[in-house]
Amino acid sequence: MAMHPDRLLPADPGVREIARTLFAEVQDLPIISPHGHVPAQWLAEDTAFGDPTSLLITPDHYVTRLLHAQGVSLDELGVGRDLSADQSRAAFRILCNHWSAFRGTAVQYWLEGQLADVFGLDVQPGPDTTDAIYDAIDAALQTPPFRPRALHDRFGIEFLATTDDPADDLRYHRTLTEWHGTVAPTFRPDRYLEPGRPGWVADVGRLGEVAGVDTGTYTGWVAAMESRREFFKDHGAVSTDHSHRDARMERLAPAEVERLYSAAQSGRITQPEADTLRRHFMFEQARMAADDGLVMTLHPGVHRNHHAPTHEAFGTDVGADIPVALEFTDALQPVLSEFGTAAGFQMVVFTMDETVYARELAPLAGFYPSVYVGAPWWFLDSPDAMLRYRSAVTDIAGFTKTSGFIDDTRAFLSIPARHDMARRRDAAYLAGLVAEHRLSLADAVEIARALVTDNPKRAFRLP
Amino acid sequence: MAMHPDRLLPADPGVREIARTLFAEVQDLPIISPHGHVPAQWLAEDTAFGDPTSLLITPDHYVTRLLHAQGVSLDELGVGRDLSADQSRAAFRILCNHWSAFRGTAVQYWLEGQLADVFGLDVQPGPDTTDAIYDAIDAALQTPPFRPRALHDRFGIEFLATTDDPADDLRYHRTLTEWHGTVAPTFRPDRYLEPGRPGWVADVGRLGEVAGVDTGTYTGWVAAMESRREFFKDHGAVSTDHSHRDARMERLAPAEVERLYSAAQSGRITQPEADTLRRHFMFEQARMAADDGLVMTLHPGVHRNHHAPTHEAFGTDVGADIPVALEFTDALQPVLSEFGTAAGFQMVVFTMDETVYARELAPLAGFYPSVYVGAPWWFLDSPDAMLRYRSAVTDIAGFTKTSGFIDDTRAFLSIPARHDMARRRDAAYLAGLVAEHRLSLADAVEIARALVTDNPKRAFRLP
Amino acid sequence: MAMHPDRLLPADPGVREIARTLFAEVQDLPIISPHGHVPAQWLAEDTAFGDPTSLLITPDHYVTRLLHAQGVSLDELGVGRDLSADQSRAAFRILCNHWSAFRGTAVQYWLEGQLADVFGLDVQPGPDTTDAIYDAIDAALQTPPFRPRALHDRFGIEFLATTDDPADDLRYHRTLTEWHGTVAPTFRPDRYLEPGRPGWVADVGRLGEVAGVDTGTYTGWVAAMESRREFFKDHGAVSTDHSHRDARMERLAPAEVERLYSAAQSGRITQPEADTLRRHFMFEQARMAADDGLVMTLHPGVHRNHHAPTHEAFGTDVGADIPVALEFTDALQPVLSEFGTAAGFQMVVFTMDETVYARELAPLAGFYPSVYVGAPWWFLDSPDAMLRYRSAVTDIAGFTKTSGFIDDTRAFLSIPARHDMARRRDAAYLAGLVAEHRLSLADAVEIARALVTDNPKRAFRLP
């Protein structure tokens, strides 16, 4: 099962040779991870990981969804409950028994990359090898080289952003400041921007307490947001992250904001009104971004918790989120007309609706200095989609206005494999341009290096 | 005009060699055709086919539409009328004279496949060869080896599903039970689910008569449907088929169903109400599917009879149907939330809107055990679209949750060429993965074989 | 920086060899440019071009948008104002300093093509070469071989359509009749079809004056349009061009037209009413097209002047136009049901929403004799998008119902590079089909030649 050194590089011998040259230039560069979901606590406390299942299967919705699609219950995988040692081993066996269902998927690549490169295992997962693999990983995890900080350094991570609630006290990030100082929080205020959501009143109230302002009024809400953004910035945050159903942001008249905010506070807001108010809230976040310089990243367009019984039994982020079509041109017009050329403002836009790359995002990034096209996201974080992305965007906007890769993962051990895939596929794409005499090899080398260094630094305004 | 043995395989010599190996594994496997439109009567009565035009041109809307686009009138091709012997010969000449218009299309491939492989002709269609070709086919069709049953066996068809009206008495299928027992009906109730359609009241009345229940009430409609589904199942049906404008299914409150059903029965239902009731009817079909285990297949999103004068003069299915954009994530949420993990329920979703493959269908099939992504359909049943489909779906959902090829054709003699194309293009796609070290050759062989055997059997629950 | 002779041809050695053969067949064929924006005045007056910046940068929104996206102000590039000699030189330096931002874009290809093939320069643009390049171009432009007519002939342009206001007196075209007689106007009536636009009343009034009819009534509007179309046709026009937000055309009842027309004339029409009336106006243009035989070309789906401050400061066509999603199947149904098979009617449909190629446009062109699929347009006029276009369209509609390349440019000197790119990419696509044995080499040669000769002549009904 050893990973082939030429994996994911183009099949044509001539193009492959070029791609090898390009990949060699970037293979060992440090990892910059400006957006992801690794808990800061892991690195702050640096305690050993648990068993293989609770590390590699249970919390990774990329894995659980594909097993669920094969008829496996999430319960057996430990979702929403603690597994005994025997149950963990049984869950790992389920994965190995279904290994053939992962063939050709990005998840296969990441898992095999972890087994081979992180744990040094060269056996193919399957019924006969599951116990050996489980035992090997389980043993390794108890040793110092597999503690979070040791892995972080072994992976060559230069910058790592987490994703955090605005009310978070960021204690773990403070601890980490004394370590490398390269683990930054990200301000993710979704829950406070959805006034139609049950719990919004209480959440906003708690945010007010944390910020020391009364969020019973809209003015208080703004003050709390500004205060917490500043707090995050002081702790090293470079960006905010937003994931709502659509991408629209639109400023309301003050009186209308007051009316809707009061309705929301009293729990009498309708869903259409709540959407309207959320779009104003988002416009206001953009206004704050233009002021404080935090990069605004958008991850819209997901129908979350699509399967109601799964949501009730197992909660969120378990693999039951399904993308929907998106529209950006009209949705972002008001906010870009206002802040699109403001010096402080910057926006990185991600999508799972590929149709918008050539039609909307590349044209927007090809005009607005503030707009960057985000790397292929979530379901699109995969070998073929990465090439389609470059093909759709490059002709129109070139390379400089793309974000560089983000891993967006909570699967800490998969980070090297994910960046490896992106670097190989960018090398593959660039090699094709060189082979077709659309780019010189020297330019391609420069671009390949920039895509893993300059691009994320510029798009996310890294220090 | 002999078909090249390497046709449709990748151009790169290394990848082609792998593709040859894969294709050799599947080239001669039996054909499984779980969805199509061949009349059961042909095989039941086994009478000789008529002239070349009435077999190869007139009933095949893939052919007639492209000739119509070149300015040929459907009338000349025999659509909607009987042609004399001279007129049939003239129609065939029209096809041969316009042969260059078919270059690069899937239709060219299927027609050339039929001429070469079914009739053994090695001349290129054109003005000089039309009579020779016509005469050769005409003569062959009168001989026993070209009777339907002989061709069926020569083609190596292991399973063949037809598409039938719920009121059909399935007499031909009963006859065929005594033959191979592998020709199954498919329950296609569209007309009874569109209460805004002229003729709905009469159609539903007749269905009630056939089922022996009074369909004047909604309860009767449900009973008739359940009874006819059971009747089809008893005759070997494995699936139901549904082709409405959109894919939405949504349960209504009982009182609302009663109100709308009464309005429909009295002919006073509005189109929006009729759509609402149709979506409830579809939800009810899904409920029945969960009970009786018939696989639900969806073929939505067609603006049928786009050109009104053609519809008036020539009727339906003559090549004037144009696809529209589709949405599945929201549309299927209610039904999947209810039945998506039910043991009896299974759904195969087809589309002509490719944008939904990576955005919606692969994610749905990558979570719900009941959902399968249907093969590229109708306009997408073509060499390039087949690769785009695999590229869009595989990264996200792998191979196991795809339906395997369906030919969906009434052009009986084109069935081998259609399956041949699909097998070659799947070999081409898999060879690319092997060449890029994303899949081992052994795994690719296993997948190639599964795609023409296990996958359709699993997706359509074949016996 | 010399352009490689194999540029844009496929990387695989075998396929490239075929592509070379195909490209050699078309490389030197005359240029047919049936849709573009070169001012007729340039050729009529044949005065020398100004400085390099005002020729190559300022008026080309493809260039200005990408520089703007890098943070350059349009002001510095001379948009909306006259530059001094020093400022022109400084603007050119900005371009050269940002050359790396153009890597991989179509704009890089066109600019390098102009430098190399039009001006014979073999230096790479950059900080060190900007003055040398500027001086070389500046000097060349003052010489007779770089006058518009000399370049026109050197470029081998056989037919060139301009785009003109219906009220234009076409004096320059009349002058050009005495020259080659191959520069034709195109009737572009957008402004007179948007009754909600400020200035519509005055514009329509002026059109009436030019046509000698009273456009205060709808009858007058129709008469003016018919008269001006005839005038254009008499001056060699072969087509009309239309670029509205959506593609819908729908006939209104006469009384409703009268009501809306009066409302528009009195300035009291709402935007929804104005859209409704515009769709009727478009239906009426189609009716006139069926009568007078001018080909109707559609370029819909752009959110123009997306950034309000840029619009206010610099006006239109400066690079701030962003595409939106489109729908054609339903939108064109009424007009195609009425005129789709009429002998006089012909329509070429362009899009920047690629999703409609396989889903809607190829199926429409594959049924209606009057419908042609336009070449990849604007943001899609690029190497990768051209292959995606052929891949999406060919399987379904073949080659004969595609428009052939249009350059759609006001950048006169880029015309050869643009056609060169299209010819190379079509050769690349065809070579792939030959290599996969989907087309014979002889057929591919015939198609390659037809795509640059017969196809545009047929789609645009050239003389």
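We call the chains A, B and C, going by the order they appear; numbering starts again at 1 in every chain.
Methods note: a contact is a pair of C-beta atoms (placed from the backbone, for glycine too) under 8 Å apart; a residue touches a chain by one contact, two chains touch by 3 or more.
For clarity, every value in this text was computed on a predicted model and none was experimentally measured.
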item	value
Interface residue identity across copies subunit A, subunit B - same or different by half	different
Rotation angle (°) superposing Cα atoms of subunit B on subunit C, nearest 5	120
Intercentroid distance (Cα basis), subunit B paired with subunit A, Å	39
Junction residues of subunit C - those touching two or more other chains	12, 355
Touching residues on subunit C, where the partner in the complex is subunit A	3-4, 6-13, 65-66, 68-71, 100-106, 109, 303, 306-310, 319-325, 352-355, 379-380, 382-385, 388
Complex contacts: residues of subunit A adjacent to subunit C	12, 14-15, 327, 329-330, 333, 336-337, 340-341, 355, 358-360, 362-369, 371, 391-392, 394-401, 432-433, 435-439, 443, 446-447
